Amino acid sequence: MLSKEQIAQRIAKELKDGYYVNLGIGIPTLVANYIPEGINVTLQSENGLLGMGPFPIAGEEDADLINAGKQTITTLAGSVFFDSAMSFGMIRAGKVDLTVLGAMEVSENGDIASWKIPGKLVKGMGGAMDLVASAQNIIVAMMHTNKKGESKLLQKCSLPLTGVHCVKRIVTDLAFLEINQNGFKLLERAPGVTVEEIQDKTEGELIIEGEVPEMCF
Amino acid sequence: MNKVYKNANEALFDIRDESVIMLGGFGLCGIPENCIAALVQLNVQKITCISNNAGVDDFGIGLLLKKKQVKKMIASYVGENAEFERQLLSGEMEVDLIPQGTLATRCMASGYGMPVIYTPAGVGTEVAEGKEVRNFNGKDYLMEYAFNADFALVKAWKGDHLGNLIYKETARNFNPLMAMAGKITIAEVEELVQPGELNPDYIHTPGIYVHRIFQGTNYEKRIEQRTVREK
Amino acid sequence: MLSKEQIAQRIAKELKDGYYVNLGIGIPTLVANYIPEGINVTLQSENGLLGMGPFPIAGEEDADLINAGKQTITTLAGSVFFDSAMSFGMIRAGKVDLTVLGAMEVSENGDIASWKIPGKLVKGMGGAMDLVASAQNIIVAMMHTNKKGESKLLQKCSLPLTGVHCVKRIVTDLAFLEINQNGFKLLERAPGVTVEEIQDKTEGELIIEGEVPEMCF
Amino acid sequence: MNKVYKNANEALFDIRDESVIMLGGFGLCGIPENCIAALVQLNVQKITCISNNAGVDDFGIGLLLKKKQVKKMIASYVGENAEFERQLLSGEMEVDLIPQGTLATRCMASGYGMPVIYTPAGVGTEVAEGKEVRNFNGKDYLMEYAFNADFALVKAWKGDHLGNLIYKETARNFNPLMAMAGKITIAEVEELVQPGELNPDYIHTPGIYVHRIFQGTNYEKRIEQRTVREK
């Protein structure tokens, strides 16, 4: 079973040199800590920044410089600021190569639910609906099951949707999966996790072809 | 034509109950602090606020919520505010949640004289209910209307007497977009300078969009998520 | 009969303090020379400048600084540069208070033709179609008749249109006219020009109500 | 990921006959002089040019016209070019004239992921022929499609190794819009600097839109209408 850090680490292996990447709040943010050696990626923050740097050193926080999670951050040499319309413009235009975000539920046809639990608090979708509707290449980072132990990989989402037919790949604490026309194709198992356990915890159609390798880091 | 006002209360002299008001900022970053304080002090009632977020309990738009001045909130994310949650669940306040990019682009559309925009954001979700869906090049898009407001209240870093504005870092966010979408746009700036002091190549909002400007005071610039690293 | 300079001068009297104004090529450009004392107007050039200044002093021309007529110009304190999309954005959004442009023909319902003579050269519409379709307040500056002595104020334009139902007022070498639902309403005569001469040279419906005053400068 | 090329010929290495090419600039102001020279030298044939103007007889896009490299010209104003007129009237070249604001906004729409825009420009004229007209709030608008191009060739004042660009004065014009609309965008700059040398608040084109960049040489920057006043 992967820790949140390991989920981020596995996703980071999918980064390619020159990628522009948008990382959502939560586990996705951690991906920035595991960018492979020799790979240069530029992080986009949808509030209006390209080239997001690390958190500031204590005492050097700048209230005018935050990311989409409202965290204080820094810039790097070559960073650019822009307004939110241009920011979502470049997202809609498909200029962002990879989008990593969290989810409450994902369905076997690539639908995602992440912004609302009816009857409980509605926090709002923020930029998630724009991101999932526009990105060509979306990886969802999440736990395989919710706190009650119920699968988050479903035949059909039960919560209000954020977007339809958009998720391409999923990395959970148990597995790396790809969505194809038939369902969740199991690409890799987390170290020490069996195919049976993944099958057990996947409510949607799980596609297993041949030997499923264990992830390596 | 004088656009310069002494302070927020004077610049907001003609604001009325039931006004539709846009407020720039993302989270607490780049919000028009002086204008918000004036709205509280002037005790304007039943306003519709259009803003990406709703502030926190005791700052930003949260100050207006606490005094129950807000009839309706149009935003994309409101997860930082418990009073907001209470008023929403109790039905005291109407809420319209729209995707962040849609919000930004609908403001820009207004400033660019475009009646509608098409965006894929929200297709297939409850955001699409009642809206026109249209397919272009094999992809579905929602038609969303341009937004304007009776008043757009924005915060810039520097501005000149003609209303030209420059924003700082990510405090830019929605400010230049809302500045273009106000029937009356009021800008508060940290530093008000004479025309000619801003480099004409680097002005973000041309003064043609700005009706009133004043130099704000006592900026608190509260940080929502103070995150730091080891040296 | 007015000279081109006098046409510009008469139009300049319509300027109000604080106006943002777009002046087309030709006679309209001359309006800038007659801005009344105490009136502050800002000139917009649709290639991307607000706050156009006078021509440069010889030797100080800057190839990067031109107006929509491709003439070398200067800036003023408070000028702003922007791209052409924002420039036409502010035009479409109705932020420009007054647009002055030339025309080949104007019809009594406010149509304008100015960009093409079929069979002869087609120069293109440039920004004229955007300007006339968007501006709330358009004054046309032109000669009352063409080189053959034919009226340019017509019942119906004969040339391809630049825009429909858009012209509000016209200043010619003979008269100042306003377009209302019935035709060209004669507001003022040029000094020494009779109502009869204007009537003679106006093919479209001319509306004359009471005594028509002579222009004063 | 290296975006930096040595010169125009190298940056344009994969340009092909029949390419659709956008060229920034307004008149001769802010045109990609080095890229145009390379197109002439590489002798690319049957190209479609999208540019506000067509240059003059012996400079700018006029150089491509003279060598009959242009199959089709999409522009808003072409009145400065006699060779253009000749090829147009003789039927050697196709021409599509579109309003200047429509041209600008269609490029921007591409960079902003908007499939179409609505504009009132051209309603009731021959520009509207065959196009959808739609009424919003009592006003008619034409639906116009976003534009993109195989290559967008733009000229900036300064640029860095990541492709971030800053334009100077009115040489900005169409350049940032076309920079957003190229499947491959190639920027030539007067001064190429290291990342970090441009102020991140004042960059006009973020590098995400730019695929290749090089420092141009021998800028002629010809002036079309030299107008001056007395001292």
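Letters are used for the chains, namely A, B, C and D, taken in the order the chains are written, and counting of residues starts over at 1 for each.
FYI, contacts are C-beta pairs under 8 Å (C-beta built on N, C-alpha and C of every residue); 3 or more make two chains touch, one makes a residue touch a chain.
Only a predicted model underlies this, so the values are computations on that prediction, with no experimental measurement involved.
**Q** Can you list every chain in contact with both chain A and chain D?
**A** Common neighbours, chain A/chain D: B.
**Q** What is the chain whose Cα centroid lies farthest from the Cα centroid of chain A?
**A** The most distant chain relative to chain A turns out to be C.
**Q** Quick check: more C-beta contact pairs at B-C or at A-B?
**A** Pair with the higher count of C-beta contacts: A-B.
**Q** Counting in whole Å, what is the centre-to-centre distance of chain A and chain C, each centre being its mean C-alpha position?
**A** Comparing mean C-alpha positions, chain C is 56 Å from chain A.
**Q** Express in whole angstrom the distance between the two chain centres, defined as the mean CA positions of chain B and chain C.
**A** Each chain reduced to its C-alpha mean, chain B and chain C end up 37 Å apart.
**Q** Based only on mean CA positions, could you tell me how far chain C sits from chain D in angstrom?
**A** 28
**Q** Could you pull out the residues of chain B that touch at least 2 other chains?
**A** Each of 105, 112-114, 119-120, 167-169, 172, 200-201 in chain B touches at least two other chains.
**Q** On chain A, where are the residues touching two or more other chains?
**A** 75, 81-82, 85, 88-89, 91-92, 134
**Q** What kind of graph do the touching chains make: line, ring, star, complete, other?
**A** If you draw each chain as a dot and join those that touch, the picture is no line, ring, star or complete graph.
**Q** Identify every two-chain combination in which the chains touch.
**A** Contact pairs between chains: A-B, A-D, B-C, B-D, C-D.
**Q** How about chain A: which of its residues touch chain D in the complex?
**A** 17-18, 20, 40, 42, 44, 50-51, 75-82, 85-86, 88-96, 134
**Q** Going by the contact rule at the top, pick out the chain C residues touching chain D in the complex.
**A** 45-49, 54-67, 69-73, 75, 81-85, 87-89, 91-92, 111, 121-130, 133-134, 160-165
**Q** Across the complex, what residues on chain D touch chain C?
**A** 26-30, 52, 75-80, 85, 88, 95, 97, 99-105, 107-108, 119-127, 157, 167-177, 204, 221-231
**Q** Which residues of chain D touch chain A once you look at their complex with the stated criterion?
**A** Per the touch definition, chain D meets chain A at residues 1, 110-114, 160-162, 164, 180, 194-196, 198, 200-201, 203, 206-209.
**Q** In the complex of these two chains, what residues of chain D are touching chain B?
**A** Touch list, chain D to chain B: 105, 112-120, 136-137, 139, 141, 166-169, 172, 199-202.
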